[in-house]
Amino acid sequence: MNLSELKELFDLITERNITEFELERDGVKVKVKKGVVTVNGAETLVENAPVARAEPEASAAVAGVPEPAPLAAPASATLDEGLTVVKSPMVGTFYRQSAPGAEPFAAIGDRIKKGQVLCIIEAMKLMNEIESELQGELVEVFVEDGQPVGFGERLFAIRES
Amino acid sequence: MNLSELKELFDLITERNITEFELERDGVKVKVKKGVVTVNGAETLVENAPVARAEPEASAAVAGVPEPAPLAAPASATLDEGLTVVKSPMVGTFYRQSAPGAEPFAAIGDRIKKGQVLCIIEAMKLMNEIESELQGELVEVFVEDGQPVGFGERLFAIRES
Amino acid sequence: MVSRLDSVSAFLRSERVDVVSPAPTESSGRPREMFQKVLIANRGEIALRIISACQEMGIRTVAVYSEADRDSLHVRFADEEVCIGPAKSAESYLHIPALISAAEITGADAVHPGYGFLAENAHFAEVLNACKVRFIGPSPRAIRLMGDKALARTTMTEAGVPVLPGSDGAVEDAERAEDITKAIGFPVILKAAAGGGGKGMRVVDRIEDLASSFVAAQTEAEAAFGSSEIYVEKYLPKPRHIEIQLMADALGNTVYLGERECSIQRRHQKLLEEAPSPTVDDALRKKMGEVAVKAARAVDYEGAGTVEFLLDENGKFYFMEMNTRIQVEHPVTEMVTGMDLVKDQIRVATGEPLGYAQEDIVIRGASIECRINAEDPVSFLPSPGTIRSFHIPGGPGVRVDTAAHAECVVHPYYDSLIAKLVVHGRDRAEAIARMRRCLRLTVIEGVKTTIPLHLRILDDPEFRAGRYDTRFLERLD
Amino acid sequence: MVSRLDSVSAFLRSERVDVVSPAPTESSGRPREMFQKVLIANRGEIALRIISACQEMGIRTVAVYSEADRDSLHVRFADEEVCIGPAKSAESYLHIPALISAAEITGADAVHPGYGFLAENAHFAEVLNACKVRFIGPSPRAIRLMGDKALARTTMTEAGVPVLPGSDGAVEDAERAEDITKAIGFPVILKAAAGGGGKGMRVVDRIEDLASSFVAAQTEAEAAFGSSEIYVEKYLPKPRHIEIQLMADALGNTVYLGERECSIQRRHQKLLEEAPSPTVDDALRKKMGEVAVKAARAVDYEGAGTVEFLLDENGKFYFMEMNTRIQVEHPVTEMVTGMDLVKDQIRVATGEPLGYAQEDIVIRGASIECRINAEDPVSFLPSPGTIRSFHIPGGPGVRVDTAAHAECVVHPYYDSLIAKLVVHGRDRAEAIARMRRCLRLTVIEGVKTTIPLHLRILDDPEFRAGRYDTRFLERLD
């Protein structure tokens, strides 16, 4: 079987909405499975396998959903090659500077050092300074100054270096 | 298979949303899987495109079930190569002979002719003779004498010839 | 393959009233024993409703189903089940021979027809009676008398039940129409006798317009229905559809369980019902209730039934028709009275006495039902398909009758009712607030539903004030 | 990354009663305005129940959720939502700073705690008060007085509420235990002061066994809990758990809404509750109700609360504890009284008067609640997982409170309650028949549930006769 044959096979599979296919030449083993294909929340209704049936199906199979995707660690997660997201460790109000009118702790394009204060999150009347755990370049700020943030909400993206 | 062929293969797989692929050259074994495969109520969780994610998934995809299998025609359906199932065209009581103690209309192994009476279904005090639409050999009787049958219930299997 | 079913059907189709119709007194004989096994000649939520009642009474149940309903919950929950035909209703749920055979082979001693399908088919009731299977409903005679519009009108007039003034049947010409109009007063409506859906219909306010409208209606009726027969009726500009729920036993006890307000309808399809009506006071309720009882007694009515009235702005009401079955909207009556109509219906079908009298019926609080149909809320086109997600609300005063669930298929073959959302509140304001939150807390994904329309109705100031009539939905842009 | 949350938590953990505890009279001031926005510090069915009440009252809602509950219905149905932490309760639903911050950033003017989690945490109520966010529940003082077993016992005794005779705290030695036993009479139970789960517990019937049992209990208590403190209490061989539902406003109006029978429990976990109790008659209801009101008044109680009693075979009852929150089983009371406890709870929290008096409370019919838990019905081990199919029953007199649905995940982090199945019948027999059919018409696939156990309970002759006590489930093989 060469690549063009494989391509043809894949086209056929796609066209026929087959979700599982097995073939063993010697011993003549064929296995075809079709079902509902769920990709990115959109589902494709698939007809049944073209196997002749002697009697009506007693009941339709009940599909399940996959378990929720494993949640990203609240601290940081890889966004792209080299990009790390800093998330809010608490519920509160996000401030980019120490006082109204002051310079922001960090601006886009700034070099960030480990331990450098990135922002303040005010929770229960206390100002919590959020420090960077890594060094790199500040690439993005996801939240506007003065906005409320929930636990695990994205605050910054840093390109580590 | 060289690297550029592999790259092409991987591109192909991504493009076609194929999620699992197996190939054995000698003996020719191929295995392909796509998306979330739901077969007989067991599901295989398939992750989305292998791109690193920066944030937790907002929501899990909801899978659906396939439409119920298209129901076999009530008259007859292919059971096996050459085997045809005769189904009940009505609700009633199944009788294999014309009167208690009489010979059955047809016994297993009998040669069946077109138009030959196979059984009686009593419905609403009326005896409805069920005739064969084909000729062949009576291979199986699914219902016992005197038993109630529903619409579309299997009565006989005949090997057409 | 040949069957004699065709001749059986022919036999069954012949309306052999003489042979099988029981005398009206036959049914009021000695009390029968409680049923052992009831066959439910229906599907969907009402089949589940009847299974529920039977299970609470310790009665075994038989489900019948078409091939399309193989995986339906009524099949799953019944003690026995029989496939009676293919998806098409005419060959399954409406196919009398298949249903009779199913009752015979399972040994059911009674059949509950639900609503729709064969529920008001006198012939079905007769055949069952002839097979010694009890039809849970009134006598074939009562079904027949109430099923024929002209016959019902005559019977009611004789019984002293007010009917809408008009011609007793078709009117030959415009001159005769003028005579009738002079007697009943303007406005009048001219209607095609064979008609429906607004075709061949004309509202006439002035004598000058009568002759020309009559001819126009005749022409339209001839074109639409192949019959130019026209009848004349008093026209009510702002009628309310008020119906009285009745329950009658075989011993002659008949009580009314208050009214339901069903004016929220689209093309004569009820969408939202409430009890009590915001416009009916105790005195009017008593008056309408007693007239409804009179109507039922005129046909020796037995079981659960509903007399539908049109109520005009002056508190005058007119008999429209009697529904000789349990109705879709019966839950609102159950909510405000605390009764279980389906259990009572089965109980009285065995000959058991009602067990309660008129003075035992107390209306408490207010109840609303919203019919959640798989329909486009704007175009009202059916929206069959597979329900992907399904969640129904809970909390106090909420009842949801449904056979739907996640991953179930809403078939195009049958009616589009997915769920009946019913609430009860200490007063109408609480019921409205409760229904609003219930509609908001309902999740039905995969098919379009009437939920957005219900929310618009509930938010309408006129609806909230209780000031509406059967044309409300036409006005709601 | 560094935060000062730890020090905040430390501050919050310090029980600074002096600063924030309001004087008991403070809450009975002038009526407050209706809340604009309520934060619900809970999850699951009770969060939906509170959202329902708020929506019916026109109040906006804020859901809080842990990362595991991102897709939960309470998040979907609330007007706003805030993620407050990871799956673990201690870091989310029990994490006071996150909840307070969530209330602050959303501008909520009140917090409803539901049941469990922080519902009976006086400190949480205090911190909210300090932040000018209304805690929907009683005063921190009332929570604290009722939350401490010894303090509650003293307070109740002073108020003239009967408590189980016994030592007021730990007993130093067997001789002192003998003195107490002589005063209260056999049988008595010796209990580890620090204990639970049956460890360090001895029932003593005769004076000869007292000394040896005391030493044995001490030894066991020391080994199990590191404390050999033992107290002595009157032992009731066949007690029933009867609780009285109360509702009190800030103006001093306190009414009782009848009792709930909660004797069907396993390891002090209630499984099935009913109202009214099959053993409580009108006279006893009045007596227990009035004592419960006295108990609540002793701590200036406000809001919804429950006084739990043990009832012995002679109709004598003893205060066990007071639950200062809405309870899981509140629906059975709503079913028989027609009240909406959560709406009333929110209403009185604004300072509004109750609006009804004791004589307005009428108990109608009978109600039963079955807790459908994701548990193995035999081993009672939790059975988390994904629910594959889900269908809940409808029909008259049925209420289902649930946040579950097909394809939802039952997490191992939180309690295993999937749904509360509640029925109402015109009498107890109808309620039992209805509950049986509801359990049979419920479909929950993918996780094991307590449904089979509930069916066994309902079929038990002693249960059906209403003759059972808190040890019923131990005897049910």
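General observations
By letter and in written order, the chains are A, B, C and D; residue numbering begins at 1 in each of them.
We adopt the following convention: contacts are C-beta pairs under 8 Å (C-beta built on N, C-alpha and C of every residue); 3 or more make two chains touch, one makes a residue touch a chain.
Remember, predicted model here, so these are calculated numbers, not experimental data.
For this structure, the chains sharing the highest number of C-beta contacts are A-B.
A centroid comparison over C-alpha atoms places A as the chain most distant from subunit C. Here the CA centre of subunit A is 39 Å from the CA centre of subunit B. Centroids built from CA atoms put subunit D at 45 Å from subunit C. Annotation: 53 Å between the Cα-based centres of subunit B and subunit D. Touching two or more other chains at once are residues 43, 45, 56, 59-60, 62-65, 67-68, 71, 152 of subunit A.
Counting only residues that touch two or more partner chains, subunit D has 67, 70-71, 388-389, 407.
Residues of subunit A touching subunit D in their complex: 62, 64-65, 67-68, 71, 74-75, 86, 89-93, 121, 123-124, 126-133, 148-153.
Of all residues in subunit D, only 1-5, 7-8, 12, 67-68, 70-71, 81-86, 92, 97-98, 100-102, 104-106, 131, 386, 388-389, 407, 409, 445-446 touch subunit A in the complex they form. Those residues of subunit C that touch subunit D in the complex are listed here as 45, 48-49, 51-53, 55-58, 73, 76-77, 331, 334-335, 338-340, 364-365, 389-402, 405-407, 420, 426, 430, 433-434, 436-437, 440-441, 443.
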